[in-house]
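Dropping the structure in here first, questions after.
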């Protein structure tokens, strides 16, 4: 019998070695696997290369991993945020290396790794400083840059629900990089709010089939819903986000439509 | 207001010119947009280049299009079937050209067209006759072939349900090539069993977002469910498939889960 | 000063040019204001590159959903007809030319349509590009929405960008607080003048030999 | 003749080697019989390249669903835990090395693991490749399941394939009606002999200098 669920977060991140390349899902805080990152910090690995869209904000998750000095290099598109003080400090002090990749190339390079594509030509970044020293090629009158896959030892992502085969569904824009990162690592670990029985997920709506998933751990409703320790960003006026209303929280975690 | 639904099949295929490149969804008969192909035959276009996984079976759909002499060239992975007599005859008589593409390269080349990838390196077909004369490249010790996108003027596909924005969901393995073909043509036309109100499709489960779709036409329950004119293939023993039971047909078209 | 459009008025002006049914990406920052000024009854489908089509306005306070944010990581809502997808699909949508329009901010735009909007090249800055380079080449039209001048009074419309480029020859139109410019094979052409602004003033401010589109003469 | 495994027995023999939890693609034709012989209680997840994981056995007569077929276009069923996806995702899954095992038929397998299974090169044949070339390179292990000899009595195990290739050096093991062979750096090594078949007989039938795996000696 296949059962990819593990008992706790410690087991979920077991075996991540010093120097490992770790993909971390999330776009800002949406979809960031904060509980897995906390477990990774507890497990003690260091000298990590992190592949993620951002480099953490505030004092938790990726930001905390960097603050703890565990990260040697970040591969991302957008490290700079109003609250990326931990990354900023480490970068300015020369304590970590940054590889900047345009967001779409980052996504496509991760997908290429998972899909067995050797390399591909992208039109993004042609004529910019990020094109310097790269292979250029003209195809049908347009110039492209050669882009190579980005692989990882481990992927850490956050989903809404999973079953014991490792099938995963996500919630709204928390999906972002998770489905492609799941395909690009030797070991893919998923935290979900809830593990459901096999067959409970609609086969037409499964976003990440279990073939890409090695370990699943349930973390309960995420922190911002569970205990009021809401950590969201700012609204359109730049004001801090309020925690969701109790009704919304209930609707969203009660096994409703999504 | 956006309304991509059109009144009838004639309008759905309007404007397809002689010599056009037309992508046609389906894997065998699963997902083949038979009603749209019939309308295309009625509309009269000829000298077509067809991009599809197969080249038709029996006497309907793609097979009929070929039988009617409308096809100049077929780009596909597997034209030969036990019942591909119309293709076989036209090919042997030199009345149409065949470009054979391995199925995975066919799919990835179609995706590349839709995703703005200039070209990509695939490991498939290296060392085979289909690699002859192609650009080879060694990447990280493995040999790859350069593959270019396949684009079309028009894509004809079949879905289960759509809304007026052109969001589409499919049914089981009838999905196959449709979602990628929808992205790779200037005009994408979708036949569905049923058009549903905007908001009726689960945003987490939409497979083809409306941005890729230009026209949607409702054809009712497909023929094999609607009027008993079931046209399916053979079972594991090679026996012709029986038409589905009435209960199954009801369950599948009554707006049930899928 | 009153002749210049303020940010909201400019957003309204840009919004008026977006046709019903268009698929539009508003990037981050000021251009996202355009969403608030779309003509009532018009259906414009907003794409956010973090994986959504059919993005709606900011939620009411207390209805914020941290799983539902835009590219600027601000809270948004979901309209009926919305769809979610992953990042590779989202940028494929963009790179594949399926969006009708991107509206972006800019540090500089050159008369050949080159865009600089991701870096001022300051040596001590932490580089961050996000989706800027993908957006710059990822739509049938790329409009820039910006003040004509920097805070220091320098023209953002230039002969050649001095800042690091985001994309080559990608901008098709520039909406500024003083005028609207099309990027043409002959350089910038003034499409519309706001308030009392004149062509000569614009030539002086930009140092460019601007032309006037026939359309503009009419509309005055 | 009775010492040779028939097709069902061979399928059962292959099935016995598939570990619980494996992701397996059975191609089309004879290898699909393996599905009927998986050990009871073992969960093996079948992939069909036309867009499904968790494929179940053929449906009962009258329960056929033409929207639910395998790569051979035959009716199948859906198991709890199944998932559907499109063709690019399906072949990405394969090409990306996520499948544990593909089981394929063959016209010829060379001692370096080259596979020929899509074309006999007959000049009048209509060429058709389907997913054969993608499958050949698309799994951690590629097993071939075939009779050792053609109907004309020629060995399908060869020094070098004379038929057009499907993939280079991709086959890792060959299950035949007379023996099981591993592809090793030293060529074919016999892993298991069926019935009274001997190594010498196999050498004679194939014309190859076969070695015997230590495992085989033990198991006799």
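Here the chain labels run A, B, C and D in written order, and each chain numbers its own residues starting at 1.
Keep in mind that, in the parts below, a residue touches a chain if its C-beta (ideal position, glycine included) is under 8 Å from a C-beta of that chain, and two chains touch if they have at least 3 such contacts.
In UniProt terms, the chains line up like this: A, B = 3-oxoadipate CoA-transferase alpha subunit; C, D = 3-oxoadipate CoA-transferase beta subunit.
This is a predicted model, so every value here is computed, not measured.
K.L.:
Under the touch criterion given at the top, what is the topological distance in steps from chain A to chain C?
P.N.:
When the steps are counted carefully, the minimum from chain A to chain C is 1.
K.L.:
Let me spell it out: compute each chain's centre from its C-alpha atoms, then which one is farthest from chain D's centre?
P.N.:
With centres defined by C-alpha atoms, farthest from chain D sits C.
K.L.:
Have a look at B-D versus A-D and report the one with more C-beta pairs in contact.
P.N.:
Greater number of contacting C-beta pairs: B-D.
K.L.:
Please work out the Cα centroid separation of chain A and chain D, and write it as a whole number of Å.
P.N.:
The computed centroid separation for chain A versus chain D comes out at 37 Å.
K.L.:
Please tell me the distance, in whole Å, between the geometric centres of chain A and chain B computed from their C-alpha atoms.
P.N.:
34
K.L.:
Just the number, please: Cα centre separation of chain C and chain D in whole Å.
P.N.:
Comparing mean C-alpha positions, chain D is 55 Å from chain C.
K.L.:
I'd like the Å distance between the centres of chain B and chain D, where a centre is the mean of that chain's Cα atoms.
P.N.:
The separation of the two C-alpha centroids amounts to 28 Å.
K.L.:
Hey, what residues on chain B touch two or more of the other chains?
P.N.:
Each of 108, 111, 115-117, 122-123, 170-172, 203-204, 207 in chain B touches at least two other chains.
K.L.:
So which stretches of chain C touch two or more other chains?
P.N.:
Within chain C, the residues that touch at least two other chains are 78, 84-85, 88, 91-92, 94-95, 138.
K.L.:
Which chains are in touch, pair by pair?
P.N.:
A-B, A-C, A-D, B-C, B-D
K.L.:
Taking the complex as given, what residues does chain A use to touch chain B?
P.N.:
For chain A paired with chain B, touching residues are 108, 112, 115-123, 137, 139-140, 142, 144, 148, 169-172, 202-205, 207, 257-258.
K.L.:
Which part of chain B faces chain D closely enough to touch in the complex?
P.N.:
27-31, 53, 77-81, 87-88, 91-92, 98, 100-108, 110-111, 122-130, 170-180, 207, 224, 230-236, 241-245, 248, 252
K.L.:
For chain D, which residues are in contact with chain B within the complex?
P.N.:
Residues in contact with chain B: 32, 48-52, 58, 61-70, 73-75, 78, 84-88, 90-92, 94-95, 114, 119, 126-134, 137-138, 164-168.
K.L.:
Quick check: in the complex, which residue numbers of chain A touch chain D?
P.N.:
1-2, 111, 113-117, 163-165, 167, 183, 198-199, 203-204, 206, 209-212
K.L.:
Give the list of chain C residues in touch with chain B in this complex.
P.N.:
20-21, 23, 41, 43, 45, 47, 53-54, 78, 80-85, 88, 91-99, 138
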